[in-house]
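Letters A, B, C, D and E name the chains as they come in the text, with residue numbers starting at 1 for each one.
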Amino acid sequence: QEQRSLTVRISREIQNLDPPFMTGTTDSNVLRAVFQRLVAYVPNKYEYELDAAEKMEQVSPLQIDFTLKKGQMFTGGYGELTADDVKFSFERYIRPDAEGKESSYKADWAALVEVQVHDTYTGSIILSKPSPSLWEVVLAGTSGLIQSRKAVEALGAEHSRTPIGSGPYMVTSFEAHRGLTLSRNPDFADYVPDYETVNLIYIANQKTAELALRAKEIDFTELSIDAAEELIGAEGITVEKRPGQRFVWMGMNMQKAPLDNLAVRKAIRAAIDVDEMVLAGYQGNAPRLNTMIPPGLLGHWSDAPVYQRNVDEARQLLAESGVTLPITLKLTLLNEPGFQNMGLVAQALLSEVGINIEIDQREAATFWSSGKGESGDDLELFFLRFNANPDPTYNARWFLPSQIGDWNWQRFDSAEFARIQDESGSNLDRDSRVQQIIELQKLMDESASMVWLTNEVFALGYQSSVQPAFLPDGNNWQFPYFKAI
Amino acid sequence: MLVIVVLLNMVPGDPATALLGPMATPEYAQRFIAEMGLDQPIYVRLWKFFSQVAVGNLGTDVISGRSVNAIVWNALPHTFALALASMGLACLIGIPAGVYGAVHKGSIGDTLMAMVSVVFVSVPSFILGIFLLIVFSVMLNWLPVLGVSDNATLGDHLVRMILPTVALALGWIGLIARLVRTSMLEALGQNYVRTARAYGLRENMIHYKYALKNAVIPTLAIIGMGIGRLLGGAVLIEIIFARQGLGSVLYDALQARNFSVLQGSVFVVVVIFVVVNLLTELSYSFFDPRIRYNRR
Amino acid sequence: MTTGTSVRLDNASVVFLNVIRALDGVSLEIKAGETVGVVGESGSGKSTLCRLLVGLTLPTGGDAQIMGQSVKTALKTDRKAFRRQIQMLMQDAVATLSPRITIGGLMMEAVAIHGLDRQETEARIHTLLERLRLPVSILDRYPHEISGGQARRVGVIRALLLRPSVLVADEPTAGLDVSVQGELLNLLLEFQREMNLTFVMVSHNLHVIKRVTQRTIVMYLGQIVEDAPTATLFKHPAHPYSTTLLSTNPLLSAGGASNAIILQGEVPSNAKPPSGCRFHTRCPVAQPTCSKTMPELTRTEAGSLVRCHFPYSLALPGAHQDT
Amino acid sequence: MGLALVAAILFIAIFAPFLAPYDPNKLDVINRLAGPSAEHWLGTDQLGRDLLSRHIYGTQVAMTVALSVIALALLIGMALGILSAYVPGPVERLILIAFDSFSSFPSVILAMAAVAVLGSSMPMLIIVIATSLVPHFGRVARAQVLSVMNEPFVEAERVFGASQLRILVFHIVPNILAPLIVIASLDIPIVIAIEASLSFLGLGLRPPLASWGGLLQDGYQNMSKALLPVLISSAALAIATLAFTMFGEALRNAIDPRSARRPD
Amino acid sequence: MTEPLLSIQNLRLTAQTDRGTASILRGIDLTVERGRILGIVGESGSGKSSLVSTIMGLLSPGLNAEGSVKLDGVDLLTLGSSKMQALRGNKIAMIFQDPMTALNPVFRVGTQLVDVVRNRYPGVSREEAVKRASDALVKVGLSDPERRMKDYPGQLSGGMRQRVMIAMALLCQPDILIADEPTTALDATIEAQIIDLLRRLRNEFSGSIIFISHNLGTVLQLCDEVAVMYGGHLVELGAVRDVLAQPLHPYSRALIGCEIDDQPLDVPLAFIPGKVPETVDNPPGCIFAPRCNYAAEVCTRVMPPLRAFEGQLAACARLEDIT
């Protein structure tokens, strides 16, 4: 094999490489190259195929049986991958470890009772309730990674920096604040990744990454939409833009006067021009979004109303509402250019109907805690962005009454919403589940506390000599399937 | 120091949400909050931190599980290399430029240099860095964009140091040139220079030996004080050139509300400042014998 | 003429930074209306003596009294009254004028600080300007716009506005050309007589001391080495240092003949004064005892106070003494 | 020349509403990032706002921020500096330690932390940047007071009977002001630069306020599409810097009789 | 007759100032013979330092000199700066007023002396230069020269520093040594040492000395000739004894009359009333006329040239009338 090497830019530091404690997609992209799962996604799709498992079957809503392939070895001499390792790995999520640390992804395995080990290679996953998203989201995702009990126990804390897996790659060097190198695992037998090594380099600054791509110092990076636009047509560089799977909306705090008044919320919805805001925010590169679940994902409500700007209606609604104009509202937003620009447009649009907007732009960490606890009481208008998950029930959970004071910044307090969301979580019938999800979106629409804006675009740039592989959300990169062309 | 740590501890936001945004579950956030001791009152946190520092332990980074000592020690050499290189470059160019300006006061060269140095001093280093990148890396393609290399040959390291060093040094060149020029003018007006002239010493000798040594002393003080500014500049430069270093550790830690790392690295920065100022004082006595014999 | 004691120092010492003995056990009594000159090597404590009198420096040992009242207590109980009693002309006249205030403004501070009558003060300022031959236009100028001689006269007016009974002048003619120093000294003497001022004057210029003062104090390394009526001192200096000092004063009338006694060596530091007599390291007539015991200030038959084991042992060379 | 430029900048700042051809916040998203034209001399930004108007208003913002920061820092710095010179002992030491620790710390990081704690509004930004400059003024004020305190004229005033307070107010403060004002004018560009750095990091003034730092950041973001805006903003910053530095140095020469008298 | 060593003709020095053109020197004619000591006296601001700076070629920029200054027949004013530099420290050298600041505080005394030696005699080895320097220090009366060479100027007293300056001049063996008020900053007893030293060293110099002083007595003791300056003019020149004993020019008379030397105690002190002329004023007549007791109509027309009278030179139109 050729000694090909791939250089990938990462935009955040690698923090923790112990799967139950990993901190985000940067970590998980590495982990999914290092560890095997029972089932794993095929290149570029949410579909999955058998990985470490030779055979796998949902024998009942509450039980999944699996049989492992033989001879899958952990690197570093930690022996063969066994059913006991599967048990160890999955059960780590539901029990605190010796020091009392709990996995941050405990919720993924909330339905797990135990993994029964039948012999070296076979076992059963026992659930407490039906879990429709378990296969796509958990087993094929990062929480389904299989670690070596021996290695974790032997290495202790060091395991979070030196992951021992049985997957196609292994971590051969790791320098904080700099990056990490993946090298091909010679013992991995299923297939041979194209690249001998993958270098992940930490470059926080977008612009630097863009320049480095142009200078051919990196092979692959995510791009801001601006940069993507600019790079289209650049020699030797391929730019890929796709509708994103993050939903962005303008939220209104339903418990704060005058936004507790439905007419006011509706007036605001009527007064803004989503298309113009999206144009300003994303330079015309992002599609408009009309409901929470972006098109293409399970549960998308394709008939959702498409609100057009209607100043007269807005004025009339305001008049009906009984509030005295002008009113002044605070618009809290993250200090990213796209949000800033959308905020400015919203400010201009709303001022025409007598609503003055004060823009309160916040830096990331402050922004993300603005809806927390008591500070959430004071929120008025805000822009928010969430990552969409293939599991629609999961997406809806942030809007539950129980999330008030956490992520339900609009303080949308609907018992019915909570009930339907809960039911959808264990509904194994796909069609009726979709109906439930659409029902949820209708409830959200009725509240008029969320004006959906866009599902963004994601853009990736890479040297034309590279054929990358990544899941449709654009964030989950599949290094083992990257090809050199 | 204390003030800064207190201030930093008052920064709102918690590491979990800062890291994960909406993905953070309450349990997840709670874990960090407890481990960083953020649920405890501020004096307890301070006491814990300083009692650990007293035994040389800056604490543990809860998020990655590494010791803060290791993180800081890893970053320091890079920042030092950058700071030293740009300081060196700045002195190498700034001092002769300042002497030239003072000796040829009012000449076109002096005026031009004054203007250029003013621009260098005041335009933030990140803008200079960006322009350097555009010109040398993208347009001319002479130098690499990234400030550090992976295939760690010394040559490659050096080549990659050039742009960050220059970007950081430019401001200092301007500053040093201006300072040296001012204190050279002061020195050149002194009686001992008149004496040296009266005894026919060559102008070069007067400028570079007799006057410069006197002129360096006030310059040193400013350089010592300016180490804070240098680190501030380094933060931005490290971000732009994707270099690791203390600046980016500090910045990332603040961004991520990683208080344990933040406190530790702030502490180290303050210690560095104190040490540098001590060294500056020591180097005074190298340049200024008056301090040496008065101490005796 | 009152003849009470106006200024009194009682074994006063000033030690700076715990080592520098700027003044070392100085005792002194000056009668009201007396004119006293102070001479001595630079660093011998002349300025410190002046500052002690006006309360700019407080004694670290002993006591300083003005008009029978200790300076320390006077400053505490009634600072302004004390200030009106004693005024000082400092060495660098231009630098003693606050640079951002007009001369007129500086003078009118007397009204602001001491509550003097405005009209009366203005009238007095104008009389004094006239007597000191300063143009009225000077009132609108700033200190840097006037000459050194003018600055000195401005200082004199400011001091006299308060009608002090004691005037201390630290080198009032330093830096002035001979062509103008006479004028200033004449005026000072006039005022001294008119107002019956007690006048203490430091000078390096022995000619000036000889002409202007009735009594002269010679200082060396923080001590008084001789305190004598001026005429007596210039005729028969008792202390070898006084003799040397007088001998180094070239006289035009001597026709260029030099009778200077050339001392060897440098002035010792007052942080580490020599043992015994402070002057013995440079004294041409030193004896072994001089390095062992410090002589006391004792009165000679001629009425001089002198601090020497062997007074009059060094005679003034040359014959140019005006007998 | 420095004076003329500073006068011009202040003129633009004061009369911004009359000089600017457009409302600086008027959006025209269709015409975004247009090049210079007859209607928009400097072109438009990413939201179609007139860049000339924005820079003119930016001058106003920059001056408001810079002058308030300097005034605040000057006042506090002077007060602390004088205090530390006047009250030796623990107070003095405390102030000096505070000065040291604040200046040891990169002001950008300090500002980042403070903005994070306190949010970013114009008054907040002013306070934060001023805080980071206080040690600068404080130290100079202290050094000045210490040297002026021993000037003969201060002693002369004491002998004349002036009280400590009177000496401080009428004789010391006027004499330490000049060098401080010189420093103030030399520090104005630094303030602008810090504001620009903060805006660059996204911690600056709230949009839609046009500040030079924000304009620079906008220009930088869209640099790949249009290089002109970022160049214009950099130029504005550089010109202002140059102007205030030259002004400050001229001021120093005018004020310091020593350097003025020396003819070379 | 041999040509004079230094001959100055019609030397004018002007400067552009805010208040117009300042005439600092207004046409000086002066010769200095080989081996002679010339004293220059005159009021502060009369141009003494400016005159010697012009000779040294050390004028600050902005000053404009006209006329000629010939050293051994070479006109120094037209000499290029590098040639002038070669001349300094070789044919001419200078001792400055303030020994405290004239030496570089951050270099050892030895370094500074050796630099001068090796600059003057480029062929000399380092050891030889060190030896010569330490010999020179011995000559000026500094004991322990090895130690002194290692000291920094700040560790020496004023008198010692001035001796180092004199040693530096000795090392150069210049044809002309200029001393601008070399003892003004020193104490009386130390001043006497230095004057004594200069007098003894006269024999070491084959060249001439120009000695500026305010102290007429010192000039009388040290110099052969004396030049009296007033307002940028040379008003009188002659043998020192003659001029000081019997001054011709009214200014010299007044100046010498102001010496408070041996005058009776009961008459007021003498002074010259009026104002020193300003460099920016250009009165048509005699520069001293406004303050002159003898001024007549003729004096207001032109500045009289220096002319010979009774063996001296004086610039006064009424010499005949007033003697």
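In the analysis below, a residue touches a chain if its C-beta (ideal position, glycine included) is under 8 Å from a C-beta of that chain, and two chains touch if they have at least 3 such contacts.
What you see is a predicted model; the values in this text were computed from it and never measured.
Visitor: Walk from subunit C over to subunit E along touching chains and report the minimum step count.
Guide: So the least number of steps between the two chains is 1.
Visitor: What chains, if any, are shared contacts of subunit A and subunit C?
Guide: Common contact partners of subunit A and subunit C, which must touch each of the two, are D.
Visitor: From the C-alpha centres, identify the chain that is farthest from subunit E.
Guide: A
Visitor: Look at the interfaces C-D and B-E and say which one is made up of more C-beta pairs in contact.
Guide: Spelling it out, more C-beta pairs touch across B-E than across the other pair.
Visitor: For subunit D versus subunit E, what separation do you get between their C-alpha means, in angstrom?
Guide: Whole-Å distance between the two chain centres: 51.
Visitor: Taking the mean of the C-alpha atoms as each chain's centre, how many Å separate subunit B from subunit C?
Guide: 55
Visitor: Where the centres are mean C-alpha positions, what is the separation of subunit A from subunit E, in Å?
Guide: Averaging C-alpha atoms per chain gives centres 89 Å apart.
Visitor: Measure off the straight-line distance from the CA centroid of subunit A to the CA centroid of subunit D, and report it in whole Å.
Guide: 43
Visitor: Quick one: which residues in subunit D touch 2 or more of the other chains?
Guide: 112, 116, 201, 220, 223, 262, 264
Visitor: Tell me, which residues of subunit B touch at least two other chains?
Guide: 11-13, 130, 134
Visitor: Of all residues in subunit E, which are in touch with two or more distinct other chains?
Guide: In subunit E, nothing touches at least two other chains.
Visitor: What part of subunit D is in contact with subunit C in the complex they form?
Guide: The touching residues are 151-163, 166, 170-171, 174-175, 257.
Visitor: Once bound in the complex, which stretches of subunit E touch subunit C?
Guide: 43-44, 157, 159-160, 187-193, 195-196, 199, 214-218, 220-221, 240-241, 244-245, 254-256, 258-263, 265, 268-273, 276
Visitor: How about subunit B: which of its residues touch subunit A in the complex?
Guide: 11-14, 16-28, 31, 63-66, 70-71, 74-75, 130, 133-134, 137-138, 141, 144-146, 148, 150, 239-242, 244-245, 248-249, 252, 255-257
Visitor: State the interface residues of subunit E toward subunit B in the complex, per the touch definition above.
Guide: Within the complex, subunit E touches subunit B at residues 56, 58, 85-90, 93-94, 96, 98, 101-108, 115-116, 119-120, 152, 154-155, 165, 168, 172.
Visitor: For the complex, which residues does subunit B have touching subunit D?
Guide: 1-4, 7-8, 10-13, 105, 115, 118-119, 121-124, 126-127, 130-131, 134, 185, 188-189, 225, 227-229, 231-236, 247, 250-251, 254, 266, 269-270, 273-274
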